[in-house]
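Read from first to last, the chains carry the letters A, B, C and D; within each, the first residue is number 1.
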Amino acid sequence: MRLEVSARGVFPIAPTPFHPDGSIDFDSLDRLVDHYVAIGADGCTILGILGEAPKLDAAEALDIVKRCVRRAKIPFIVGVSAPGFAAMRALARAAMEAGAAAAMIAPPPSLRADDQIVTYYAQAVEAIGADIPFVIQDYPLTLSVVMTPSVIRRIVTDNPSCVMLKHEDWPGLEKITALRGFERDGSMRRVSILTGNGGLFLDFEMERGADGANTGYAFPEMLIELVRFARAGRRDEAHDLFDAHLPLLRYEQQPGVGLAARKYVLMRRGILAHDAQRKPAAGLSPTARAEVDYLLARLARRDARAESR
Amino acid sequence: MRLEVSARGVFPIAPTPFHPDGSIDFDSLDRLVDHYVAIGADGCTILGILGEAPKLDAAEALDIVKRCVRRAKIPFIVGVSAPGFAAMRALARAAMEAGAAAAMIAPPPSLRADDQIVTYYAQAVEAIGADIPFVIQDYPLTLSVVMTPSVIRRIVTDNPSCVMLKHEDWPGLEKITALRGFERDGSMRRVSILTGNGGLFLDFEMERGADGANTGYAFPEMLIELVRFARAGRRDEAHDLFDAHLPLLRYEQQPGVGLAARKYVLMRRGILAHDAQRKPAAGLSPTARAEVDYLLARLARRDARAESR
Amino acid sequence: MRLEVSARGVFPIAPTPFHPDGSIDFDSLDRLVDHYVAIGADGCTILGILGEAPKLDAAEALDIVKRCVRRAKIPFIVGVSAPGFAAMRALARAAMEAGAAAAMIAPPPSLRADDQIVTYYAQAVEAIGADIPFVIQDYPLTLSVVMTPSVIRRIVTDNPSCVMLKHEDWPGLEKITALRGFERDGSMRRVSILTGNGGLFLDFEMERGADGANTGYAFPEMLIELVRFARAGRRDEAHDLFDAHLPLLRYEQQPGVGLAARKYVLMRRGILAHDAQRKPAAGLSPTARAEVDYLLARLARRDARAESR
Amino acid sequence: MRLEVSARGVFPIAPTPFHPDGSIDFDSLDRLVDHYVAIGADGCTILGILGEAPKLDAAEALDIVKRCVRRAKIPFIVGVSAPGFAAMRALARAAMEAGAAAAMIAPPPSLRADDQIVTYYAQAVEAIGADIPFVIQDYPLTLSVVMTPSVIRRIVTDNPSCVMLKHEDWPGLEKITALRGFERDGSMRRVSILTGNGGLFLDFEMERGADGANTGYAFPEMLIELVRFARAGRRDEAHDLFDAHLPLLRYEQQPGVGLAARKYVLMRRGILAHDAQRKPAAGLSPTARAEVDYLLARLARRDARAESR
């Protein structure tokens, strides 16, 4: 099962579950994947930045890929970003052999000029092999690499194995519009666009032409429902749903703390056994925990109201 | 009227109104200030980053200060950040002479080590004079300068003229808690903490110990009401109000586009005559405009519902 | 006297002389300019980064321009880089009116993508006026803006008023070769290329096609002699001369300390009355002073040997 | 053989030799290590930034350590910097087990505040184990992390296993003086300080109190001779030697191109079979090659002159 440009819907970004001692909690990983399948996720991304991928060693990373792929029959996108191409290639090829659907590649933070970025992707494709479908991760807030729409067009055009853009520019709404415009005017072939950025603009991103979401919000079922509303043109319902979750969505989008909050919510939901992260990690203070609890309580009240109607 | 450490409430950050030809629109500035007074703002900050201050020349900056100070009897904080101390001093002294209440100083983006930051503020105070009350602007997302709570404590302790922290770290909730903890354990004198960051965390910032808001959201009346709810301990009402505005708040917090959206909302509200910015500027596309209109319509519907109840 | 694309030779970058109390030392400025004229400099750049330009207020900057232009009949390039276009325009127009030859513009550090850089220069030219000849400052080490040869080509092609590149990329030798290649293949019109970077690669830069030097080394007579040797094809003599100065050249190229060392050397040479900088400034420790003295003594010994031969 | 705080002299930074197809050239690595031993190097650093370490996968990195350690009885410092602690620990422990003398750790580029840096080193030591001697790499030009002398003192004081500072701040002379001052005033225990930065300031660094050099200059015999002159107080001879090499030293210090130049010189010297780098790599143009040849010819002429005297 290889990722194709027709991919759409919701691919949750999976956090990597750990035991309190820092070892990987594979049972929680199973539950997490099962949950994604149960709610109807269209795929899943593992070993992304959210997944604490740089904290894993090579063997651990591959173990996670294998566990996920064996567990569920959905397409798994595997983050293979690495400081060097040898490690990137090794993980990408092993992951695909194990049954992954695609590799996701983020540009290293040192890149500045357009040509540097385009060249980097050409070299990355040469390294992993042009037979592996890949996803561009466009995340300037964290990576400090700015890709204009025309740079993305060059990467897409130069590399037939590019099938998806993980869009998380900020602001980014006009970028989606520009890229869809390129497709309409025939200057760029169509690729799938799933949006990240914690989902903070998913309401409008869908209206701008995104194909779905690729983010780690702790209630992926909301993302799925929102995408369905959006596709069905039920605008107000989409926004009503989105707005109800926005307070928590926003809370989870805080750098560092956000991951702690997500793991805590997933633990409270019974999906993860622990909310542990590997070091270095920003934990959740008791006050922050209480804030998340409060947001969850408000969400629950709203759901109760909605059901009673 | 000099700013004191007891300052609290809402100090809106004023955008600078321009005519479409790029000249300053003083009539709109008057209306803006009048609006702040009418809704009960406790003060106002002018010539901040949001105010497009770097795009003004020295004479224009001072003209704006004079116009505001003459117009209203509220304390005006004046952004005096500049690449050099000569320009900073000139504006700070002239502004205070004209009747401003305090100067706000952001660190230059090149600063890294704790000592560099502490030294910079010492030199800035020497430059503007220790008789001028000043506000620390702590905004790492834009300025890329990281001030830990202990660095802020050093600046506050070293400089008796420091009266306020404009807090816009991200994430920043724990920082407020840490600073209030320093006050409680007696290791730092109390200063006013108003929060920026587009107001995106104002709900919890108030609960953590902030004294109010210092941000440019286009409905400052909401900020004022929220601060009152928070102070009165009416937690749910504060959050209900906040959540209703969060979709627009979030939209306005987009870098670049956010200012365009704010000016557009203020124009639609009849406060600004134009939504023009000086170049270089990111405008609002027709689609973005329609998105803001949609968010405004949803807000209006909610207000209507609230009133009919 | 307007700067033209045929400009060549050595344009020293002038430091701004200060009295110990931080006021401008105009007498020393006169002596400095006289020295440049006496040794046969082809022009001079004032108000650059080395000239502590951001530390001056608008009136001071213009005073310096006027003093220089009145003092000498050589072309003066004036650094007009500013956080906003209003200040840039004001200085550029006033400087040209006073008799300056051109404006030098550095990109703001926030620029990343090619289009951002090209757009910035278009807006800057619109701001200062297309009638003012301008110099691109390409200095990624300090400004963190990366301009590829093709970006420079776009700026040169889009803006007929661009007459010179101040080249200080690092490494930068291949860039000179690439740009001269563009001229040869007809894809870019010729502009003058003077090199900065403290002169650290001037030996080879001349061989790669640079038209001369635009840097603040405290012995500009060496730069002039080197450029003459290079133009005359006297390669070994050029390198012998360069190598003799390289230890000091290198010492002066240290960020921060370099300016202190340059001012100290110019003071020891009797050109500046003081080696003072405006705050914030990195001074020269007694040990550093002794190191510079030692380097000067070695240079003097070498000159004595050369003369006795 | 574990690295101790008494370490001094020259530890060349070894480039990693590759075959043109990108595989590791172990025969050249042997010759390189043999050369270091033959000229009297006091130790050697492998898998540094110069050694293209991020381009290697985990198994390759360890193979290089084993090959070196088996080949020579000098202390090998192994660069173990990694995006995460799992990979850092794995390499550090395996390297020590194989016979390495110490681990070198560079801070990740995202660190800003003093406490962040100090905490990072504490966590790194916890990860690799407090029984492994480690070297702080202080290289702000490339890593953009600024460690003041007092931050280094905190790291040294907090972590007894810290034995050496690889000093490559720029400018950095005053930092050496400050650290040696800490030792003299008893506020910091003594650690070894070897300097990097391409050796560009080695002449004065030795006079400031450095214990030697830790850099990749292609003529490490010069570094060794210079260090001996410096220790013997033969100042003029040290500078004469240094100055003769400075033109090439400077050429090799260019980012990217510098490594290509070094490998080319080492190939011309018969030590490396190829000057190949792994991708991504900046190669040496024919013109650049000719420039290096010219510098080598000048060095050879000087040596001939020196011998004939």
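As a convention for this text, a residue touches a chain if its C-beta (ideal position, glycine included) is under 8 Å from a C-beta of that chain, and two chains touch if they have at least 3 such contacts.
Note that the structure is a prediction, hence the values are computed from the model and not measured.
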Same-interface partner of B-D, chosen from the options B-C, C-D or A-C, over half of the pairs matching: A-C
Centre distance in Å when chain A and chain B are each reduced to the mean of their C-alpha atoms: 33
Between chain A and chain D, centroid-to-centroid distance (C-alpha), Å: 39
Touching two or more other chains - residues of chain B: none
Graph class of chain-chain contacts, one of line, ring, star, complete, other: complete
Chain C residues within the chain A interface of the complex: 112-116, 140, 144-148, 150-151
Chain D to chain A touching residues, read off their complex: 52, 54-58, 60, 82-87, 90, 109, 119-120, 123, 126-127, 278-280
Chain B residues within the chain A interface of the complex: 170-171, 173-174, 177, 200-201, 203-204, 207-208, 239, 242-243, 246-247, 250, 254-258, 285, 287-288, 291, 294, 298
